[in-house]
Structure formats: C-alpha cells, structure tokens
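Two complexes follow with chain A in common, the first pairing it with chain B and the second with chain C.
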Partner chain A sequence: MKPSTILPLALAAALAFALLPLVTSSNYIVGVGISALIFTVAAAALNLVYGFTGLLSFAQLGFWGIGGYVTALTVVTFGGSFWWGLLWAALLNAVVALVIGYPTLRTNRHAFVVVTLTFALLVTLIARDWVDLTRGPLGIPDLPKPSAFGHHFGSTSQYYWLAWAFSVAMLAFLYALCSSRIGRTLVAIKQNEPLVRAQGISPMPYKLAAFAIAAAVTGAAGGVYTFHLGIIDPLFLDFYYMQTFLIIVIIGGAGSFWGVVAAGLVLSALPEALRFSADFRMIIYGVILVAAMFVMPSGVAGWLRERRIARLREQLR
Partner chain B sequence: MTIDAVYLLQLTLNGIALGLLYALVAAGLSLIFGVMEIINFAHGELLMLGAFAMTFALPVLGLLYWPALAASILAIMMVGFAIYELLLSRLKPDEFERSILITLGLSIIIIHVMQYLFTATPRMVDTQYGFEGIEIGNIRLTWTRIIGAGAAIVAFVGLYMVLRYTQFGRAMRAIAQNREAALMVGIRPRVVARNAVVLAAGLCGLAGAAIAPIQLVTPYMGQFLIFKAFALVIIGGLGNIPGAIVAAIGLGLIESWIGGFFEIVWQEAAVFVIMIVVLFVRPDGLFKRGGMRVG
Partner chain C sequence: MSAILEVADLRKSYAGVHALDGVSFSVEAGSVTGLIGPNGSGKSTAIDCISGFQKRDGGRIVLAGADISGRPAHHIARAGLMRTFQTVRIYDRLSLRDNLAVAAQQFDPATWVDELLRTRRYREAVEQAEGRARELVELIGLERYYEIETGILSYGQKKLVALAAALMPRPKIVVLDEPVAGVNPSRIREIEVALAQLNRAGETFLIVEHNVEFITNLCHRVIVLDQGRKLAEGTAHEIHTDARVLEAYLGMTPEMAEAEMRGMA
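The block that comes next holds the complex of A and B.
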C-alpha cells in the first residue's frame, strides 16, 4: 500500500487502541493489550536490525533484560524516577551495543549471530549470579507504578495509556527512521553490501547505528514492561521473549514495517486468547517457526508482495 | 593467598574433564559448519537427548555402562539422521539465517516435548560403577569421570583418523574446502552432509551419555552448554575442528581455576570476555581458518 493510504489507517488503528480500557473493564484484557503493544515495539526494533539491515541479532533479549533491570534498579536501589530509569536503560543499551557491535560487525554474519546469542546468555547469567546488584533468582518485587506531572499511573488501565503513548512514540520514530534515506541505505546494505561500498557509503556506521538504536528502543520497552509486571527476576530474560519477537518478525515479514506491527498486535494476543499451557504454547511456537521458514520464509507481507509482483507480470505479458 | 598444590591439581583435572565435554559438542558444531556452512542450534538438545537415552538404557541393560553408552550414541545418530533428512537437507547453500531459525524452532520443540513428557524434575542415574573410583594421594576420581574423559579422547583420535585417512572423511574435507571442485570429481554433497550431521550427532550423543551419570539430567541441560559451545567455535575459528577442541579444553581449565578462586559470576563470564577479546585481536578466531582443517 502507498504511504498516503497506510498512514491514516495506522493513525485510526492507534486511536482505536487508545480506547481499549474504555471498552472493557477487565484488567486481564487490558494487561494483554499492554503486552501486545510492548512486544510490538520490541519486534519492530528487531525488524530494524534483522528485517532492514539483515543482521540476525539475538542480543535483543539481553537488551530487553538490561533495560528491565536498569529501570528497576534506578527506581529501587538508586532512588531515581521511572523516567530517568528508562533514559538510563536506553543510553546504557546503546553504549553496550556499540561496544559489542564494533568488534563483531567487523567479522562475518555467522560470527555476529553467535556473539549476540552468547551475549544474551551472559546477561541472563549476570542477572542470576550477581546477587549483590540484581538480588539473584529472587528478583526485585513490588516495583512502584510511576507518576508524571502529579498524575499516578497506578491502575492497569492508567498504565495501559502510558504503554500506549510509549509504543506509538517508538513506532512513529522507527517508522520515520525506516522510511528515511537511512532506512533505504540499510535495506541496500542487506541486499548488496559491495554495491553500497561502490557507491561510496561505508556500511559500518549504518549497521552500528541500527544495532544501537534497536538496542536502546528494546531496552526502554523492557523497562516499561517490567513496571507493568511489577517485578523483575532472571525469568525476565527467558528465551521465550526472544522467540516471541522472532516469530512476530518472521510471520509479519522481515523488512516490512507494517507487516511486523500487525503481526505483533495479533500474535501477542492470540496465545492469550487460546489459553494454552506454557509448555504447549512453546511447542506450537516452535512448530510455527519451522513451518513458516519452509512455507513462507518472507512472512505474510513478503507473500503478499510476491503475489502483487506476479499479478503485475501477468498484466505486462 | 596461598595456593594448595592438591587443590590446584584437583581443579586442573576437573577442568580437563569439563573441557573434553565442551570439546565433543564444539567439534560436532564445527564439523557441521565446515561441511554445510550452517549452525545447528539444536545441537545442545542432541546432548540432552543422549543423556536421557542413557537414563533409559541403563536400567534396561542392568546398569551395564558400555552397552548403554553404545545404545545411546546409536540412538542419537539416528536422531541426527532424521533431522538431516527431514529439515536440513531442504536448505540451500548460503541460507545461514534460515538454518539458524529452523534449528532454533527444532530446539524449542525438543526441549518442551521432553519437558511435557518427562517433566522438568532432574533425574539421576546409577551405573555398575556407582561412586567407586581411584584415589591418588588426596585426589579422588570416580570411574564414570575417568571413562567419560577417556571416551572423549578416543573419539577425537577416531575423528582425526576418519577425517584424515578414510574416503568418507576426505569427502567431507573436500566439500568444506571447495564445493564446486568436489562436485566435479563426483562427490555428492547431500550424502557427505548427511554423514557429517550423523557423525556430529554421534559425538553429541557420546557427550550426553557420558555426562548423564555425573550430572543431573534435565530437559534444559543442553541449552547452557550450547551457548558456550557456540562461543568456542568462534574462538577456535569457524569450521576449524582442532581449534575448537583446543579452545574447549582451554576454557574448561580457565573456568575451573576461576571457579576455584573467584566468584561464580566470573566463571560464567569468562567465555564471553575471551570471545570479545579474540574477536578484537583476531576476527577469524585464534587459529587460522582456511577450509576445514583436521591437522
């Protein structure tokens, strides 16, 4: 679809989502809505790295966890506010991403995948074993809900609006980035890196920037999600979250901004609606992942695009 | 801090045993990468299945160690064969990201099916050797540990012989070094890739079966190990089997020493710090890479 048709559509959808707590009084459904919004932001950040730039990064899980812990620790241990916590989470993640990204992106894409994966595990281990800082497996319970300008986001539906505002702002930022010249350069790097070099563009700063921005956004999303849960412990770094983000990106269509956003909203609500047990849900996720890789490796958006191109070819023949 | 010589020796022996175990997993990963240029995310789950196979085989075979070990290895090789034929054989060359996502999905399925069937409760298994062992001075080593380490060393020598001197192994090296040239002299990549996956699965099965009497067996045991094995493969140089083995034994020793003197955080963080440093200094891994090397 053209941007002129999709932008009003997206705006309408965003406003419709803002009304959710007015439509239902069930805290459970509003809670699912919060998860859906935040998972969509995290998946859109992964899409920036994997879908647009072509770097399969498992480090998003680590950034998500660091974001959660930094925000929680800023409030509980260091006595700062929730908003400062989010800012620190984003900044720290961007710095960590630069430190890891620089040596790793110099090597090949194989090494990049493995290093980001090991990084995610390292963060889990630190969360579990550095008891003095993170309080280990017990975690930090009873995180206070934030407030701003004298308004307290105490109830689930009030927190929903906070999450909504955060998600809309982040998605708008990512959309602006992805549809800008920078976004097009990232796609070019994914499709043909030697050609990009030949055009006089150095890919490294672009890759690093995409990785760092995605890390910062994921970290802030992790912070918002932690305060929705009200507790953080090493389970916040469960591989389940990474799998969810990945499946959203793959089903939605890596490299398609709106495809991933739509898939994020649908797929995070679906398992809740079907009420599978945790084990069973993971088995289904695994089967979906394997099946999607064989049946439609470029996701729903990619599949639609291929059909449109096929139809164009028919007409031109 | 005074360093007790006996304590240090004990740590060193533990480190070597741990390193050999890492090496079995890392060598298999490296072998698969060398031949197919893919990374098998479900490799740790093969190890876990090997350990489970051992816990089922031992009681059936009257706690006899060797037949149970053989049965477990054989079972995991069959699993490897099935994984190749059902999933990996459909991958085209240069579909690295896709291979990771497919094997990741497989790993999720295996872990959660095992947990669904057998619960997450850790299992222990007894062998004919029980907790008997030998004592050298103040150091005690159980037979299960000694045999595990011995079997790993035998497996490496065997792997070296196979890759170096048999047609079967030469074909694998040929594919790894130059795919087109190997095709031209009549080597079938599909068969070679299948052999490599089955061989790597066998190594993993051996590691899992050897570890079962030493550690608790849970559906998650493979996950933590596999991350380290990935890092080792990077440190040693992707596709470099001796590099991975040397890096693995080195890491086992380092982790064991650190664990003996410092807090556990540092033990777990060691592998990551080493990997980042190696990537800074030598982006292609510690040991030079150039096709799949065996010696």
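The block that comes next holds the complex of A and C.
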C-alpha cells in the first residue's frame, strides 16, 4: 500500500488505541493492551534487524532483559528517575549491541544467530546468578510507577497512556527509518550483499546501526514493560518473550513494517487468551505458528504481496 | 587515447594452483575491451581481483591514475569501477526505480541528515538520479516495469536491469561479467546495440564473455587468457586468426575459423 493510504489509517488506529481505557474499566483488558503495545514495539525492532536487514537476532531477548533490569536498577538502586532509567537502558543496549555486533557481523549469518542466542542465555545467567546486583531469583519487587510534570502514572489506565505514547513515538521513529534511504539500503543488503558492495556501499555500518538501534528500542520497551509488571526477576528473560516477538514478525511478514505492527497488536492478545491453560499455552502457540506457516510461509504481508505479484504477472502477460 | 584501467602482473593462486600467473593488460578510455578464454582460464578471477571481490596475491591495478590494488570492493566502486555479475544480481524485492536509485545513492552528496530535513541537496540528488534512471530505463526498453518489483522480470530483462544499475553513477569503467550468457538470442542483439550506443556516448567497457560473435561485433580490442596467462591481445580479427588462440580457446584450425567467420557474416 502507498504511504498516502496507510498513514491516515495508522493515525486513526493509533488514536483508537488511545481510547481503550475510556471504553473499558477492566484493568485486565487495559493490561493486555499495554502488553500489545510494548510487544509490538519490540517486534518492530526485531523486524528492523531480521525482516529488513536479514539478521536473525536472538539477542533481542537479552536486550529486553537488560532494558528491564537497567531501568529498575536506575530507580531502585541508584535513585534515578524512571525516565533516566529508560535512557540508560537504551544507551547501554546500543553500546552492548555495537560491541557484540562489530566482530559477529563479520562472520556469516549462521554464526550470528548462534552468538546472539548465546548472548541471550548469558544475560539470563547474569540475572539469576549475579545476586548482589540483580537480587537473583527473588528479583526486584515493588517498582514505583513513574511520574512526569507532576502527573503520576499510578493506575493501570494512566500507565496505559504512557505505554501508548512510548509505542507511538517508537513506531513512528522506526517507520521513518524503514521508509528512508537507510531502510531501502537495509533491504538491499538483505537481498544481495555483494551487489550492495559493488555499488560502493559498505554494508557494515548499516548492519551495525540497525542492530544497535533495534537493541536500544527493545531495551527501552523492556523498561516500560518492567514498570507495568511492577517487578523484575529472571523470568523476565523467559524465552517466551523472544518467541512472541519472533512469531509476530514471522506471521506479520518479515520485512513488512505495517504487517508486523498489525500482527503485533492482534497476536499479543493471543497468549493472554491462552492463559486459561498455562501448561499447554506453548504447545497451542506452537501449533498455531506451524499452521500459519503452512498456509502463509512468508507471513500475512508476504501472502498479500504474492497475490499482488500474481495479479501483476497476469496483467503483463 | 589513454588507459583508464591498467593491470600489471596480476597474480592469484588457490591452494597452489595458479589461477592468474602474472597477467598484465590495459583498457583504453572510451573503448570496449573483451576478455575471453576457455573455462578456468582466469577471466572471472581477474575481474573479481580487479573489482575487489577477491584478494589478489600480487600485482598492481590502477584506475584512472589511482592505485586501487587490494582495496575493498566498495572503495573500488566509489573510485569509479562498476561491475555486473555472471549470475545476475539485482534486488528482486525492490522496484526497478529503487534498484537504480540504490545503485546511485552512494555517489551523491546527500546524507541521512539531508534526507531527514528534505534539504535542497537531497531533493536535487533524488531528481538527478530519477532523470538518469528514466534515461537508462528507456535505453533498455523496460519503461513499463519502472514501478514494479524486478523479481517478476525474465532472466534477460534482469541482466538489462543489472547493466542499467551499473551505469547509474556514470562510472569511469563498467566491467560486465558474461552480459549475454543465458540470454535469449533475440535479446543478445538488443544488448549489443545498447552497449554500442553507450560506448559511442563515451562509456568504457571491459567485457568477459563466451559468445564470440558478441565480442567480435562490439570489442575494439580483445585479450585472450589461457591457464592464468595472457595468450594474445589484438583486434577481434587478429585474435580470430591467431593460431595459438584457435588451438587453446576454440580448438580449431585457422581454416575452420575462417569458415566460422564467413558463416557469421
């Protein structure tokens, strides 16, 4: 779809989402709404590295966890504000991403997957075993809800608006990035890296930037989500989160900005709907994923795109 | 005429096998130069080393007076050497317009800040690239596909897109790796005409190709490689009558070659 059709649509959807706490008084539904917004941001960040640049990064889980812990520790241990916490979370993640990315992005894409996966597991170990800093398995409870300009985001509805503003800002930023020449170059790198080099473009700075920006955004998203939960412990690094982000990207259509955003908002409600059976949640989730992949191997956006291409072929015949 | 590309004593070996054993040649500015040879003669290795896609073991490569030996591929491209690939490389998921825009983007002065602020510099760069793209798309005859993802094009059309992309930034020299291999014979003639037209407009080409007729029609000079060495160099006619070339490359006697030539004409 053309930007001229999709942007008003996106704006309308964003405003409709802002109204959610006015429509329902259920803290549970508003809470699901917060999850949907934050997961969508994290998925959009994963889409930047995986969908656009072609780098399957499991490190997003580590960045998510670091973001949560850094924000919590900034407030609880170092006495800073929530906002500074988010900023530190984003900055620290960007630096960590540059440090991991610089050597790893020189290797092949498979090695990159393995290193990022290892990194995510390493962060989990730190969260559990560096008890002096993270308080280990007990976690850091009773995180205070933040305030800004004398306004306290104490209730779930108020916090929803904070999460909403954060998500809209992050998605707008990622959209601007993905639809710019930089985004186009990332797509080019994913499709044909040798050609990119033959055209005078060095892929490395682009890949690094995409990885670092996605890390920063994921970290901040982790921070906002942590303060929604009000507690952070090693469960915040459960692989379930990574799986959710990845499923959103794959079902939405890797490389399609709006496909992933739409899938994020819809699918985030799904694990909540599946909570009735905590034991089988993952199995049901897996079955849904596999079924969707059978029907639409390149996601909803990819499926729509293939239909469009098929029509084009017919017309050009 | 002066040499735009000079290759001196280029060497490369894989596990002890000399793929290139001291190859030297030059390409005159404004010429079409052919690089031919049997399979495994070192043609592809030579252009991979020249364009920075493979590390050379030794030798000097000078592009328009600047030493580009051993520099990474993207530096060599920025210095003005654009290349295509044997197995066609384009961005299937991007439109023809975007394929050409990406090819030019490293060569304009607009940065991401310019784009963010939509500065005059950015608008001018986009406008210029657009103008050049339209010109090239007309030349390759793919106007109706301009806004369409290039994945749906035929193999021959994709080769034309790759050619147009290589020409986008008005490079000092274009290196074509088998531009007509696998292309429908009726299209080969079109590519030939397009290249001749571009050459008359001042573009310099170095072409690796197996199609002897194509090379004969287009090239001012032909360089023949065999087993990593330069076997012969001259006009297409001289090459065709060179007994060493005929034996190594064509496996023919001069008489058979004469018959072949008459057959072509």
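By our rule, the second predicted complex is superposed on the first by the 306 of 317 C-alpha atoms of A that agree within 3 Å, B and C clash if a C-alpha of one lies under 4 Å from a C-alpha of the other, contacts with A are read in each partner's own complex, and residues count from 1 in each chain.
By definition in this document, a residue touches a chain if its C-beta (ideal position, glycine included) is under 8 Å from a C-beta of that chain, and two chains touch if they have at least 3 such contacts.
In this text the structure is predicted, and so the values were computed from the model without any measurement.
S.K.: Since both structures carry chain A, what do chain B and chain C do when superposed there: clash or fit?
M.R.: Verdict on chain A: chain B and chain C fit.
S.K.: Looking at A:Ser202, would you say it contacts chain B, chain C, both, or neither? Reply first, second, both or neither.
M.R.: The answer is second: A:Ser202 touches chain C but not chain B.
S.K.: What is the contact status of A:Leu316 with respect to chain B (first) and chain C (second): first, second, both, or neither?
M.R.: second
S.K.: Touching A:Arg184 in the superposition: chain B (first), chain C (second), both, neither?
M.R.: Second partner only, chain C.
S.K.: Go through the superposed model and pick first if A:Val76 touches only chain B, second if only chain C, both, or neither.
M.R.: Neither partner.
S.K.: In the superposed arrangement, which partner chain does A:Leu98 touch: chain B (first), chain C (second), both, or neither?
M.R.: A:Leu98: touches no partner chain.
S.K.: With both structures placed on chain A, which of the two partners, chain B or chain C, ends up touching more residues of chain A?
M.R.: Of chain B and chain C, more residues of chain A lie in contact with B.
S.K.: Using the superposed model, give me the angle at chain A's CA centre between the CA centres of chain B and chain C, as a multiple of 10 °.
M.R.: 80
S.K.: Figure out whether A:Val115 sits in contact with chain B (first) or chain C (second), or with both, or with neither.
M.R.: first
S.K.: Have a look at where A:Phe294 lands relative to chain B and chain C in the superposition and call it first, second, both or neither.
M.R.: Touch status of A:Phe294: first partner only.
S.K.: Of the two partner chains, chain B (first) and chain C (second), which one does A:Ile231 touch, if any: first, second, both, or neither?
M.R.: Neither partner.
S.K.: Can you give the closest approach of chain B to chain C, taken over C-alpha atoms and in whole Å, for the superposition?
M.R.: Minimum over all C-alpha pairs: 12 Å.
S.K.: If you lay the two complexes on top of each other, which residues of chain A touch chain B in one and chain C in the other?
M.R.: Touching chain B in the first complex and chain C in the second, no residue of chain A appears in both lists.
S.K.: Using the touch definition from the top, list the residues of chain A that touch chain B in their complex.
M.R.: Contact set of chain A toward chain B: 50, 56, 100, 103-104, 106-111, 113-115, 117-119, 121-122, 125-126, 129-130, 239, 243, 246, 250, 279-280, 282-283, 285-290, 293-294, 297.
S.K.: State the interface residues of chain C toward chain A in the complex, per the touch definition above.
M.R.: Going by the criterion above, the answer is residues 51-53, 72-75, 77-78, 82-83, 85, 89-94, 98, 101-103, 105-107, 112, 115-116, 144-145, 148-149, 151-152, 165-166, 169.
S.K.: What does chain A use to touch chain C in their complex?
M.R.: For chain A paired with chain C, touching residues are 176, 180-182, 184-185, 187-188, 191-192, 194-202, 255, 309, 312-313, 316.
S.K.: Looking at the complex, which residues from chain B come into contact with chain A?
M.R.: Going through chain B, the ones touching chain A are 33, 37, 39, 87, 90, 96-98, 100-102, 104-109, 111-113, 115-116, 223-224, 227-228, 230-231, 233-234, 238, 263-265, 268-269, 271-272, 275-276, 279-280, 283-284.
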